[in-house]
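Labels run A, B and C following the written order; every chain starts at residue 1.
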Amino acid sequence: MEMSLASIQRAVGGEIEGDADFVVCGVNSLDLAGVSEISYAESERYLEKADRSAAGVLVVTPDFPSLQGKSLLRCGVPRATFVRVMYLFQESHAPPQGLRSGAVVASGAWLGQNVSVGENAVVADEARVGDGTEIAPGAKIGKGVRIGRNCLIGPNVVLYDGISLGDRVRIHGGAVVGGEGFGNVRTEQGWIRIPQLGTVVIEDDVDIGCNTCIDRAAFGETRVRRGTKIDNLVQIAHNGDVGEDCLIVSQTGLAGSVTLGKNVTLSGQVAVIEHIKIAEGAIIAGQTGVTKDVGPGEIVWGTPNRAFKRVTRELAALARLPGALKDLKELNKRLRKLEDSSAEGQES
Amino acid sequence: MEMSLASIQRAVGGEIEGDADFVVCGVNSLDLAGVSEISYAESERYLEKADRSAAGVLVVTPDFPSLQGKSLLRCGVPRATFVRVMYLFQESHAPPQGLRSGAVVASGAWLGQNVSVGENAVVADEARVGDGTEIAPGAKIGKGVRIGRNCLIGPNVVLYDGISLGDRVRIHGGAVVGGEGFGNVRTEQGWIRIPQLGTVVIEDDVDIGCNTCIDRAAFGETRVRRGTKIDNLVQIAHNGDVGEDCLIVSQTGLAGSVTLGKNVTLSGQVAVIEHIKIAEGAIIAGQTGVTKDVGPGEIVWGTPNRAFKRVTRELAALARLPGALKDLKELNKRLRKLEDSSAEGQES
Amino acid sequence: MEMSLASIQRAVGGEIEGDADFVVCGVNSLDLAGVSEISYAESERYLEKADRSAAGVLVVTPDFPSLQGKSLLRCGVPRATFVRVMYLFQESHAPPQGLRSGAVVASGAWLGQNVSVGENAVVADEARVGDGTEIAPGAKIGKGVRIGRNCLIGPNVVLYDGISLGDRVRIHGGAVVGGEGFGNVRTEQGWIRIPQLGTVVIEDDVDIGCNTCIDRAAFGETRVRRGTKIDNLVQIAHNGDVGEDCLIVSQTGLAGSVTLGKNVTLSGQVAVIEHIKIAEGAIIAGQTGVTKDVGPGEIVWGTPNRAFKRVTRELAALARLPGALKDLKELNKRLRKLEDSSAEGQES
């Protein structure tokens, strides 16, 4: 695939410095790019790397220095513009349309136009699959599932009965959406499972990572709102309500009925206990155990969650604690000595 | 589906206050229930919510206040009774019996009566599947696996060769039971894998969550005992012995040869190191790293595990530590001053 | 299967003490072994257990005491030798060769000799599968994937398009290799996914556990080097570079662009943040959150990672902190008293 710098600029914007007719053959990182490839430098911090890069074209900020032998595409946020260039160069992945070998689509299922159903995938009765959606090999689409347009359901994904996906939802290999919530009630005969009668709703433009699990609600719904991106091996329990444009990094787990506002970031291996609310824009550092609600824009860390700065202060103090305990002992000795001499003074 | 309150009471017990002929059309939570639905209030804490609820019938305790316009079903443990009502209303999910399209059952496998084998599922040679068991689409049942009666093997579940399940075992989507234990021995040529020759035994009434992994034993067996409920994304390594009626919450991991007594609760993201024993009734708080045995009924937290109360005391003390270090410095100054004046006094 | 002790010794080395003609019928652990089985004792610590064991033959160290009624095979590292004996006794698992029922192999895929493709497995176009490799039921092999010789691709495993495996690679049930890296850039329209154009390379003799996820690189490759063993439910993000002969225990997660040297051990539930380097031979204790580079051979623990000994010292100090805070208060009182009396002395 080839595109001139001028035609790239027409597609993604920005201003060209250098050879507008330069023919770009691919996108790459600064260190891996070849002479006919385009790369990017996010800021002047990458100046040296950019200069060493073989890339023929770089996407840079308006005030980035000129570089000998390279054409530049200047714009406000190089990374975002570069991603748009990447999309231009992405191989148009056109899965073979229609049903592939071994695919089983129930007679009562409804498939839109240009839907592809991969090898040995299964679409159960009453399911509805929107136009342009790709169902990869081995995916299992349960009864009555509703899938929007231009979704990607990855290989061996499981969508349990009755859940709903919006448009452009992408669910990666092995993920399971709509599994039973983990609800049990103790009786004299041991634990009895509480039937989980609710569903899961995944809104538009949500990404769900490999082997991630999102459980159906006990009643009502578990909902993941528009634009949220979820990494691999994440757990979202029943009745969760994940806000718009959140980022949930790998191996994080939300217990039941957790509510996240918009733009919340959960770093890796975070745990959130039941019924917690995390407000808009909050950032939860890695491995945090959230046991108390988090306010808007707060940055928290630790188990239980505390203000990030407080935790760093406590860790710094803890590092000094072994020495401080010795000091305390020493102080006690000195004080005793003084007390003794004072007592002697009074006695004498 | 419709049932009169009187017929519900005949099925689950309790005492009716109000209209025994009231026709109930469904079960729901207090906030979602409609006028013809039944809900429950666990205690008077939910009085206000119960009063606001549109539910026509509520399951409540014997001493819960009467509520205008609502019929009540009074009983000792409303939540447990309500779960029984939920089961009455659960759609009798009758999977199509027999082999579905693409299902492959080896000629040497044995299927009981009323067994359903979903689309593209595989049952290998010498496997035995008990009466009434449902094998969902894409599940892979290995050679010689034994499955009891009325089990549910979820979509894309993997049961490796030779493992055994009791009756009413439910394994959810993507779970893998009987994978090789992680055993390696270091040699001059690097790590050599230790063959894992044992098996896995899952007893009656065990639930295993989505994408959870339970490994086979090196020798002998990994065992999960009757009635234990396991959430999603849990890891149970080789030779584990999980007691009866345990609860294991999501993303928890047991290293090799861990033993849990009866009624142990492991909250989310707990890690337990090799050869640990956790005794009956112990409760392990979330994200705990269990490195020492836990006695009966103990409640522990933290890494390494300590008594829950001790950890909260330590955390409270830690919060005061930065201030205490300043106090210590101040004390030192004051003591020095006193020492100096005392020395002066002696010199003078 | 039966083998004389003499023939075992010819295969694995060591020196026989006792009956070289003893017929061994199986391998087992000390506590489970029967009279015609072979077991091992790693050191004299296991003397009592060895003595109680019914095993007819034991693999032991050169200076292990003789045991009445047992033949011994003496060698330097009993555990490693015993593993070699286990391999002798392992049932030669010969999967049926060729394509099984429901397997779909694209016409443009290439299969070597003695390749087995399990029931309902899928091998896409341009994939190449080396001699002797077994593809288990339900595995999905993407377009252009290259698999070496004598590999094992477990049930329901997903290998995304274009990734490469060396020889003798073993990937266990439900694992997903080559999923999209988790890269997103924030724009005014919310998060935009960064296309992940790189690949994954798994070198020879690597093991990958059940439901583990290894993501493809943004550019270039994610690489796992020769001989590394990875447990279940592990996450390795885009552009990771995992050294040779590492051990990565269950539920550990590596963020993007993490580099591990040779022989690194990551215990369970470890988290490593982006761009971290962990040098050769380092050992990371369980649940550690690695936020700073780790030097060769270092042993670290805690979040953030600190020297193991430092953490144990800090924990010991923390245990004494609640008491120390009381002492500090007491000291303050005593000091005040002394100050007061000193002031009085001066005033008088």
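Side notes on the structure shown:
In this text, a contact is a pair of C-beta atoms (placed from the backbone, for glycine too) under 8 Å apart; a residue touches a chain by one contact, two chains touch by 3 or more.
Note that the structure is a prediction, hence the values are computed from the model and not measured.
The chains in contact with chain B and with chain C alike are A. At the interface between chain A and chain C, under half of the residue numbers appear on both sides, which makes the contact a different-residue one.
Distance from the chain A centre to the chain C centre is 25 Å, each centre being the mean of its Cα atoms.
Among the residues of chain B, those in touch with two or more other chains are 102, 120, 138, 156, 174, 211, 233, 251, 269, 287, 318, 321, 324, 328, 331, 335, 338, 342, 345. Across the complex, chain C meets chain A through its residues 102, 104, 120, 122, 124, 138, 140, 142, 156, 158, 160, 174, 176, 179-180, 182, 184-187, 190-195, 197, 211, 213, 215, 218-220, 233, 235, 237, 251, 253, 255, 269, 271, 273, 287, 289, 291, 303-304, 310, 313-314, 316-318, 320-321, 324, 327-328, 331, 334-335, 338, 341-342, 345. The residues of chain B lying in touch with chain A in their complex are 27-29, 32, 77, 79-80, 83, 86-87, 90, 100-102, 118-120, 136-138, 154-156, 170, 172-174, 205, 207, 209-211, 226-229, 231-233, 244-245, 247, 249-251, 268-269, 286-287, 315, 318-319, 321-322, 324-325, 328, 331-332, 335, 338-339, 342, 345.
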